[in-house]
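This report refers to the structure that appears directly beneath it.
A, B, C and D label the chains in the order they appear, each numbered from 1.
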Amino acid sequence: MTMRGNGPLFVEPDCDAARQWFREKPKQMSDKVMSVQDAVRQFVSDDDYLASGGFGGDRIATALLHEIVRQQRQGLSFAGHTATHDFQLLCAGNDTGRGQLLKRVDIAYIVGLEARGLSPHARRVVESGQIELCEWTNYALALRFQAASMGVPFLPVRGFAGTDTFDHSAAARVTCPYTEQELTVVPALWPDVAVIHIHEADRFGNCRIFGTSVSDWHVARAAKKLIVSCERLISNDEIRRDPTSTTIPFYCVDAVCHVPHGSYPGNMPYEYYSDEEHLREWLTVEQDFDAYLEFIERLIFDSANFEEYLAQCGGAARMDTLRQQELDP
Amino acid sequence: MTMRGNGPLFVEPDCDAARQWFREKPKQMSDKVMSVQDAVRQFVSDDDYLASGGFGGDRIATALLHEIVRQQRQGLSFAGHTATHDFQLLCAGNDTGRGQLLKRVDIAYIVGLEARGLSPHARRVVESGQIELCEWTNYALALRFQAASMGVPFLPVRGFAGTDTFDHSAAARVTCPYTEQELTVVPALWPDVAVIHIHEADRFGNCRIFGTSVSDWHVARAAKKLIVSCERLISNDEIRRDPTSTTIPFYCVDAVCHVPHGSYPGNMPYEYYSDEEHLREWLTVEQDFDAYLEFIERLIFDSANFEEYLAQCGGAARMDTLRQQELDP
Amino acid sequence: MELMICAAARTLEDGAMVVVGTGAPCAAAMLAQKTTAPNLTLMFEAGGVGPRLPRMPISVGDSRTFYEGLMATSMSDIMETCQRGMVDYTFLGGAQIDACGNLNSTMIGDDYQRPRVRLPGSGGASDLGSLCWRVLVITPHDRRRFVKKLDFVTTPGYLDGPGAREAAGLPPGSGPYKVITSLAVLGFHEETKRMQIESLHPGITVEQVQAETEFELECCSPLEVTSEPTAEQLDILRREVDPHRYIIGR
Amino acid sequence: MELMICAAARTLEDGAMVVVGTGAPCAAAMLAQKTTAPNLTLMFEAGGVGPRLPRMPISVGDSRTFYEGLMATSMSDIMETCQRGMVDYTFLGGAQIDACGNLNSTMIGDDYQRPRVRLPGSGGASDLGSLCWRVLVITPHDRRRFVKKLDFVTTPGYLDGPGAREAAGLPPGSGPYKVITSLAVLGFHEETKRMQIESLHPGITVEQVQAETEFELECCSPLEVTSEPTAEQLDILRREVDPHRYIIGR
């Protein structure tokens, strides 16, 4: 039995270093509303470890991811925890003549878009060997965020033992002091920065999510810096009317960006369904590299902001259709 | 450094035995509504390990605890996770001429009622040495439930090391395979049965809690058998209208008891405040053992059910006052 | 495809809990609910529990997975519920499967650094295949999929045979249960933990199945013929479960 | 009591996070919020965060701890936030405290099986005292409380001295910070980790404090006199924080 996977550890599970960071993180309930551009400029740095909320094509922070690509961040590490369209977007920063956005990836799920198929450009990037990879599972990555949010260096799990997934991970084995059984443990993962799209936030960053939370409860708490984008800005009084609904408290949040349709073309529960036509367009156009370069040039790099992207994708009329699909499936 | 506390382990952290139990637990979405009497008769057995939801005097399952005392269960183990009025109630089954209800207690907090003072009868029972004790902390017990609900034999924590609390616990120490640091680990705790009072449930046991959840999310999932009492029975359609608000799913639940004011004299958030006068009466009357015996005889053993107890405590008028105190503090 | 979905639906008994993905597994679970297992609880790995599915979800995280659902929770809650032992079934797929039911959904090729095809990876598959009691696979049957040796073991089946799961620390008593293919329904021998043919689809021979399988297959005795879908199953499948033939039209 | 509460309130800087209990700590935190630290975030161990406290809570789990609050969450969320390193302060009490700031809230007596007085136990104290950065204690000052050797170490202070917390695996840099008593404000020597007098309350002498303390006390130099409450502090304390004199009347 292998006692430690051979995969690289991109973030040291040093909970004391993380404690020091969180001690110094500002915790005033200050106004954190800013533009997507400013938030990314201020809180996403080259070589940062990035985590992305939601579930690949569901409740994802598309606007923030576009901006990270647009601002041409370099050398990022990324947690590919069911990463689908989000991973596909970030790959627009690799092999497209603007340096290398992605450098290292912890993988649970990348390259694919679930039943929709594989992303040709993401495959190009990953199969070229330019990215350093480490294999995990969805639950393993969720647990790594959970360990970080708990402030402990590892958490135990009974899964994925005995596999090549384990061998290409940086998971380890320990013996239970009670049962003497062998257990897998996974190391805590504090992302330098996380981007999460949510339903409602106040100006200070108190957030509400409706529907499944996937791993965002833990991602938000594990992240050293956190940018949220929200469908709606609400008042602090409204937050206080129902404190049970607060999913992420202000002291985890560094920036609040008001971005209606911010998950487009992903699904946003109770707001709009995914734009399957547009997602299909991405997959199709990626097959022809030149067409793909033209496509991302037009949709991302030449768009000043996310609103221009939305306008190119059908604007208000398209959003209404997707809203209808969501509310009356 | 002690590598293992000397306290007794009342429940083996055997996650495979627990898996087998949960595999066989019925998971049909059947109608589970029944009386408090039937629920306790059917699901609380002598020698069971019992856990109690809420926070001692806040959102506690008073009606179910009364019934456990009334039906004179014997030899129970109990998780004293900030146990205040709930522990005081269970102690009415010890040294009162009806055998020995409590036999073993995992302690984080017992005997006291926070700022209200110590319970003289609970002190009598505990100081007599008749109960086997093991020391923990609130978070340690919360983690023990969490480990059980996760299905792993232990979870790590950085707290309570180096203390007599640790030495009188059954916690252990492990070395982190990543950081080489020494960590405390606590063993999983699957209660045989848990009682939790919640705001709303449907007939199948899908539950909503408003306000703080304390440790009940994990207690509900860790418990082998779970009885919930609720302020209101709601329809399954209402549950389905807002699945984000479901805190405990039906498949964890064995019995649903409809008990308005079921946390009285404890506080129930958004419903009624704690009855401080009545709680003071408990503490006062316990000072005189004969008066205490008469008191519990009248309030618990001679009451056919919880409704009679409420009636003796001031009935509807008192409940209205407490509701006012809660809604307009 | 209809036959496969109907065969899968029949394996799900009433009162069971199942973590499903999109596509055929979801169709099978929906069909089971509408026929023999009205009390089957559907769970989705991103957190959806017990939806009244209005349509097939496109993503296992999309809002349909908790449409009028019993609970919209977290991925950890779903995985922990599996790890705790409460979940009877899960459906998994993969680009390759071997005789012990191990699955590959990570890469094709012999160099991990430079794969011939990079596939998505485990996602939740390796977790669900470790932690649920019984794993079901619905897959086309051909020699590129049913291979002697996987290019990468993503998800543990019985690993290299009897006792190997337990030795690795995986929960005793769990593992692959049925492999429902375009040619046959296969199970696993109780002792050898190797795949064996349980029933052949109507008109299919053992030789045909073996020809599409790189490893040696045993046969159960007696070898059954897979039951044809009933008229009721087909009717519900075509009218209610998949009226647009997204799945059954494949 | 007013002096103690005001002294405690002054130690809480704006923008800090503090886990408070009921009684004097809660009064101190409320007073700080209304004077020098409007951005002080109050947390309660049962899950309440950032309430607009309408009155003093009776229980650290009661509904006032999240009345018009920012979040009503779980005990684990609070403890994890402490363990993660986000929480600056906590207030603890105890029946006994020793020179290194260790606290006993478990039992009085020398036989664990048959204690002279059984006290509640740790509750969240040992967790908070381990995991928050700085521990504050507000307590009456007498020889029965300030003892050489605790009957039971419930909550770790500096344990048996320099390096002991770290050796036990407790987070480096955390520990007891101030002990605010009826006679003085005490801190801990940076190197010896032993309690020392930082300031004497007006009219109190070192000898008086030492007389009420079983262990040897050092003094800071220069030794200050504890600042009297300001008129503004007293006014807010009496009119807004504790108008019924539940705490300050003690």
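The criterion applied here is as follows: a contact is a pair of C-beta atoms (placed from the backbone, for glycine too) under 8 Å apart; a residue touches a chain by one contact, two chains touch by 3 or more.
This one's a predicted model, so the numbers in the text were calculated from it and none came from an experiment.
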| item | value |
| --- | --- |
| Pair joined by more contacting C-beta pairs (B-C or B-D) | B-D |
| Distance between the centres, which are taken as Cα means, of chain B and chain A, whole angstrom | 38 |
| Cα-centroid distance, chain C relative to chain D, in whole angstrom | 56 |
| Distance between chain centroids, defined by C-alpha means - chain B, chain D (Å) | 28 |
| Multi-partner residues of chain D (each touching 2 or more other chains) | 66, 72-73, 83, 131, 171 |
| Junction residues of chain B - those touching two or more other chains | 15, 151-152, 157-158, 173, 181, 183, 210-211, 243-244 |
| Topology of the chain contact graph, where touching chains are joined (line, ring, star, complete, other) | other |
| All pairs of touching chains, each written as two labels joined by a dash | A-B, A-C, A-D, B-C, B-D |
| Residues of chain B defined as touching chain D within the complex | 1, 54-59, 80, 82, 84, 107-112, 114-116, 118, 123, 126-129, 135-140, 142-143, 146, 157-165, 168, 173, 181-184, 210-215, 217-218, 267-270, 273-274, 276, 326, 329 |
| Residue ranges of chain A in contact with chain B within the complex | 4, 9, 12-15, 151-158, 172-174, 176-179, 181, 183, 185, 187, 209-211, 243-244 |
| Contact set on chain C toward chain B in their complex | 14-17, 39, 41, 49-50, 52, 66, 68-73, 80-86, 88, 131, 133, 171-173 |
| Residue ranges of chain A in contact with chain D within the complex | 15-16, 18-23, 25-30, 148-152, 206, 221, 239-241, 243-244, 246, 249-251 |
| List of chain D residues in touch with chain B within their complex | 22-23, 45-48, 54-55, 58-67, 72-76, 79, 83, 102, 106, 112-127, 130-131, 150, 152-156, 159, 164-165, 167-171 |
